[in-house]
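Here come two complexes built around subunit A, the first alongside subunit B, the second alongside subunit C.
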Partner chain A sequence: MTDTTHQAAVRAAAGPPSAVPVPAPAPRRTRVWRGLTPWLFLIAPLALLVTFTYAPIANMVAYSFTDWDGVSPELHYTGAHNYAELLTRPELFEVFWVSGYYLAASAVQIAAALYFATILSFNVRFRNFFKGLLFFPYLINGVAIAFVFLYFFQDGGTLDSVLSLLGLHSDHAWLGTPVSANVSLAGVSVWRYTGLNFVLFLGAIQSIPGDLYEAAELDGANRWQQFRHIIAPGIRPVLALTVILSISGSLSAFEIPYIMTGGATGTETFVIQTVKLAFQFNKTGLASAAAVVLLLIILAVTWLQRRLVPDSVDKGVDLV
Partner chain B sequence: MTRRAVARTLMYLSLIAVSVVVLLPLGVVFLTSLKSDKEMANESGALTLPDDPLNFHNYVTAFQDGRMLSAFGNTAFILVFAIGGTVLIGSMTAYAIDRFTFRFRKLVVALFLLAALVPGVTTQVATFQIVNSFGMFNTLWAPIALYMGTDIVSIYIFLQFVRSIPASLDEAARIDGANAFTIYRKIIFPLLKPAIATVVIVKGITVYNDFYIPFLYMPSQDLGVISTSLFRFKGPFGAHWETISAGAILVILPTLIVFLCLQRYIYNGFTRGATR
Partner chain C sequence: MNRRTVLALAAGTALLLAGCTGTGGTSKGAEAPASDDPSKVSGTIKVLTQRTDLVQDGTMKKYAAEFNKTYPKVKVEFEALTDYEADVKIRMNTKDYGDVLLIPAVIKKNDYPKFFASLGTQAERSKKYRFTDFTTVDGKVYGQSPIGVSPGFVYNKKVWREAGVSKWPTTPAEFLSDLKAIKSKTDATPYYTNFAAQWPLTSWTYVNGSPSCDTQATTKLAEGDPWAMGSDLRVGDTLLYDIVHQGLAEKDPATTNWELSKPQLAKGKIATQWLGTWAIIQFQDAARKAGVSPDDIGFMPFPAQAGGRFCAVVSPDYSQAVNINSQHKEAARAWIDWFTDKSGYDKDNLAISPLKSAPLPSVLKPYEDQGVKFIEVSDAKGAQVKEIDDQSEVGIYKPDYRQDLVDLARGARKGSLDDFLAGLGKKWTEAQKTVGS
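What follows is the complex of A and B.
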């Protein structure tokens, strides 16, 4: 009994200054134990975090200054040689241009998502059906999507059949030339990811209080004016977040192109190249340097967004 | 027609168009999965209906020759451990960060925050060496450890919920003599049920769909999960689109069922996960 009242008193004293008289400090053992408690909860999460996130980053930076092949016990310090190689051998840096296709696709994707989120936030028949339909592709397994679209772009596959139904006979090998292949693959990524952006936008639009629209309607505002002056400002933070996700997603595109073309016909992305360097050509050092470069670019983009759109920073920090 | 009616018509047209765009590739693959190899060979085109709409022969082939059964088994095993671990680790971290003040608390928070910015694909080059040095390469434990250890999003989801649980509940329990572990186990954890549901669904779908990690860490045929087993269809079934299609549909079907049953949770979960 004395112990519990004592503890309650300690806590009261720890809070804002109050009228409770300052109690004698808790016994040493209790104090040590209490200081230790949070760490007992954190020890496993922190161990995993350090082992699988921070140790790899540290190692990666270290490897990037060596010529290690990933297996042999020998490695030599080579200074910034790997970085110089990355920047000077055009075929290594060229793959960044492929990201351009995915960036352009992201713009299409965001525009489409915004359009459908706006119209589905109004009263539309079968709203939930359309919402589910638009979102579902995002949930599908990437390998299944890749196969679905390999068949789609096949000779005599879905796309060719639809075109011939419309009277257009094409012998175009959709995945045959670099430009066409990259456009096709970027199209698949639009198909896959529009749903996520759409649901994010829809959530943001629906959190705008409904009486704002009513007031606008009373004032005679049309749909476009409602979008321009009510919806657009309301979804700015989510839009900024989406842009960042799209940029880092475009830079680290991997799954769809890797499964569909394996990086052939000019569809190799930066991540595919890095994976190949590391695990096929055993150039762990060079691959690490490439990964460090990508990591730095993505961190820079994120940092830029947090500077430009401070709302989302507050949101992120606020959670903790 | 008034202008408003025109706008409405155009709007519905665009919705129908997008439905076609979403459904057509999937529908054609479904049709293909029901065709026999003869039908595939006679070049009747991708859009024709199968002769026998109840021809599940390709599904049997995909299931047996494609090792889909062991793939579902391996995926289930990974799901159970990865999700269980994620729930425990996420809720413990959230509890410790929200309910205690301790030295280096800010640093710990910053470590988790910063980790959320690091895209997993970039660090695999070095993560691979670490996983390998633990002897986990080519075991089911490699993906389990990675899914458990690198999930910052679920920590955020738990944090939001722990904060919404009034601290007075902890206080009351403490006055009754409960220690921190009892409070976590008996009060916080049970009240986190909605968050747990969200994390289980989001994590479950992410793990089920992940290709990169199992592909990299479990090259063994026997350790195929859904994604990697389906990926391996490419070799032996090369030109047999009817079998590949059946495999793809087999993989998509569970996702569709889960989505139809748990729609609301899924929207919430993914929105929360992305906006963290």
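What follows is the complex of A and C.
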């Protein structure tokens, strides 16, 4: 509404109408309909969006101010008590050290994905086969992956058998100690998500016009120089997106550790801890507050990252 | 409308919607009366159960057909939930949680009258049934468990015999030396923690009551430090620690497999597991499937004696209750009564009958021979214990702290047992102060 008045004011200030003939304004009804039509089209998606995304989030924020246990018909408003409790219990945030393993793993993951994407963007034999091979782990559902790898890491399981074929008879319990378990779990997550990063990178690389390479080759640039000066700048926005996704993914790692170890042996992540608060100890209020805090932390990290590494705005590509 | 107004409106709508969801009705104090004339009871009732296996193989249908011989006008439908606790917890927020359901552990005892219809007074029901005080609020009973269970060690008799052990150990120390004998004289893994399946570790909490043979054991949890020197939980947790610490458990606990552990115990690859009477039938089945004798599956009480006798705690399984919103409370009540008294469900599961007058099941014959004393631990303070448990985040009914204990025992976690148990005790007693009685 402010927009219309503002525009009207501007029009009035522009002085007498110019000589260009202005088409007669459409009748009021038509104008109303015209304004309404896009909204009518948007009703369905907006309703879905509000019902399944914003209402639950609003609900969760509301619960975070109560002492609800998740099932009782009664709940009491407790103000910021849950947040105060969270911030006065530093041990609840110690689990973020576990995210370090996943963060390190995502660095490996991005490097691997970038390497494969670059190689497969050139003409390589069996190119499509390798593309499929790299992407397929991402298509398998996380629960299945967790179960497969549970057998993989078992005592005398797949990993041990493969190692013994190579002559390495290890007696190592892969999920037995905190360090080993976390490294193993982070490895599974690398296996799973490399494909996704790879496809994103490959798409970005292929959108770079081919004549650039040609020109570079004429100038005598080798493959590394092509990567350094053509590919790397070309995929920067996608790279930034991937890094943000990886960081938020590391902070909120859940599926694989939850199914494989249930958070035992020092593999508990912040989300597993939140789930346990809500569903084991029936502190739905506190758990909701923890979820809100995680959201804020991820937003803060993303903001910080955007501050430190700003996008090149002049290119007009801005994915995040 | 500019963008900000739209956003504000959307947020407002979302908040409004949020206000509408959540709490259901708060009716309270209904009764589910028993009918005198079975032919008059009618209606379709839905029974929620966690026994997916029994629904799938048609056993529940057979019970229903048997039930219909007495109550021809009642139609019974079953709904089996794989993840019973989690699924029912969410449905408890609505009115649609079946006509007959198993009381989930998450419901606070004081909230029973808001969710379930009463089955009668405790004074009256306790004459006939066991476990009434587990579901009693203000003198009224809200649920009835169809079976009773008693915790204990499931063991392979053959393996124990081969190790030269002929009688049940009477102290934790003796139990440990028996396990050592098994380790040195047989190929079996002396003890299997089932670490990865989590809940088998939780069952160590049901040691409570056995070593002291005290019917007030639960009350003591509510009032003191559960890990004080000589207390039941400390005795149990120390035994578990020692088993793992002395290398008497499986090599890699992180990748254990519950389903596989059953045939392995039957075949003598595993010697012992701490579970309960309910598990015996499953291990016997596993033995039959593996082609070995089910008679080799043995069951023994916790290795501690009070006054020269072993002590076995009998406690209820999930209790069946009538939904307070049910349209057919009489029919629902009829099902619970029939299922508890006449279905034979307890015998089919080799379990202890919920009827006080019934004899012990045959699998507990050795218990009778050894003169094991059966006690029921009072649950008068059970609700408070649960509340302290949640508040302190110790989780004696959850697997986490025992997983930590096992990690500690096998050196995957730093610290000493004394410090670990003292830490639990501190958290527990601090929560005790904040939880109102």
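Just so it is clear, the second predicted complex is superposed on the first by the 258 of 320 C-alpha atoms of A that agree within 3 Å, B and C clash if a C-alpha of one lies under 4 Å from a C-alpha of the other, contacts with A are read in each partner's own complex, and residues count from 1 in each chain.
As a working rule, a contact is a pair of C-beta atoms (placed from the backbone, for glycine too) under 8 Å apart; a residue touches a chain by one contact, two chains touch by 3 or more.
Since the structure is predicted, the reported quantities are computational estimates derived from the model, not experimental observations.
Novice: What is the contact status of A:136 with respect to subunit B (first) and subunit C (second): first, second, both, or neither?
Specialist: first
Novice: Between subunit B (first) and subunit C (second), which, if any, makes contact with A:51: first, second, both or neither?
Specialist: both
Novice: Is A:175 in contact with subunit B, with subunit C, with both, or with neither (first, second, both, neither)?
Specialist: second
Novice: Look at A:73 in the shared chain and tell me whether it touches subunit B only, subunit C only, both, or neither; answer first, second, both or neither.
Specialist: Touch status of A:73: second partner only.
Novice: Look at the residues of subunit A and decide whether subunit B or subunit C touches more of them.
Specialist: In the superposed model, B touches more residues of subunit A.
Novice: Give one of first, second, both or neither to describe whether A:200 is in contact with subunit B, with subunit C, with both, or with none.
Specialist: Once the two structures are laid over each other on A, A:200 reaches subunit B alone.
Novice: Just to be sure I read the superposition right, which of the two partners does A:294 touch: subunit B = first, subunit C = second, or both, or neither?
Specialist: Only subunit B is touched by A:294; subunit C is not.
Novice: After lining up the shared chain so the two structures overlap, which partner does A:224 touch, if you call subunit B first and subunit C second: first, second, both or neither?
Specialist: Neither subunit B nor subunit C is touched by A:224.
Novice: Overlap the subunit B and subunit C contact sets on subunit A and report the shared residues.
Specialist: Common interface on subunit A, subunit B vs subunit C: 46, 51, 54-55, 57, 59, 70, 154, 157, 279.
Novice: In the complex, go through subunit A and note every residue touching subunit C.
Specialist: Checking each residue of subunit A against subunit C gives 1-3, 46, 50-51, 54-55, 57-59, 62, 69-75, 150, 153-155, 157, 173-178, 181, 261-266, 276-277, 279-283.
Novice: Given the complex with subunit B, which residues does subunit A contribute to the contact?
Specialist: Of all residues in subunit A, those touching subunit B are 4, 7-8, 11, 35, 37-39, 41-42, 44-46, 48-49, 51-57, 59-60, 63, 70, 112, 115-116, 119, 124-125, 128, 130, 132-144, 147-149, 151-152, 154, 156-158, 160-162, 164-165, 191, 196, 199-200, 203, 223, 238, 241, 245, 248, 252, 254-255, 259, 271, 274-275, 278-279, 284, 287-288, 291, 294-295, 298-299, 302, 315-317, 319-320.
Novice: In their shared complex, at which residues does subunit B touch subunit A?
Specialist: These residues of subunit B touch subunit A: 7, 11-12, 14-15, 18-19, 21-26, 28-29, 32, 43, 45-47, 89-90, 92-93, 95-97, 100, 102-103, 105, 108-109, 111-113, 115, 117-119, 121-130, 145-146, 148-150, 155-156, 159-160, 171, 174-177, 180, 184, 205, 208-209, 211-212, 216, 226-228, 230-231, 233, 241, 244-245, 247-248, 251-252, 255-256, 259-260, 263, 266-267, 270-271, 274-276.
Novice: Under the definition above, what is the set of subunit C residues touching subunit A in their complex?
Specialist: Going by the criterion above, the answer is residues 1-2, 5, 10-11, 13-15, 17-19, 21-26, 86, 89, 92-93, 104, 106-108, 111, 114, 195-196, 198, 251-255, 389-391, 393, 395, 398-400, 403-404, 407, 410, 412-413.
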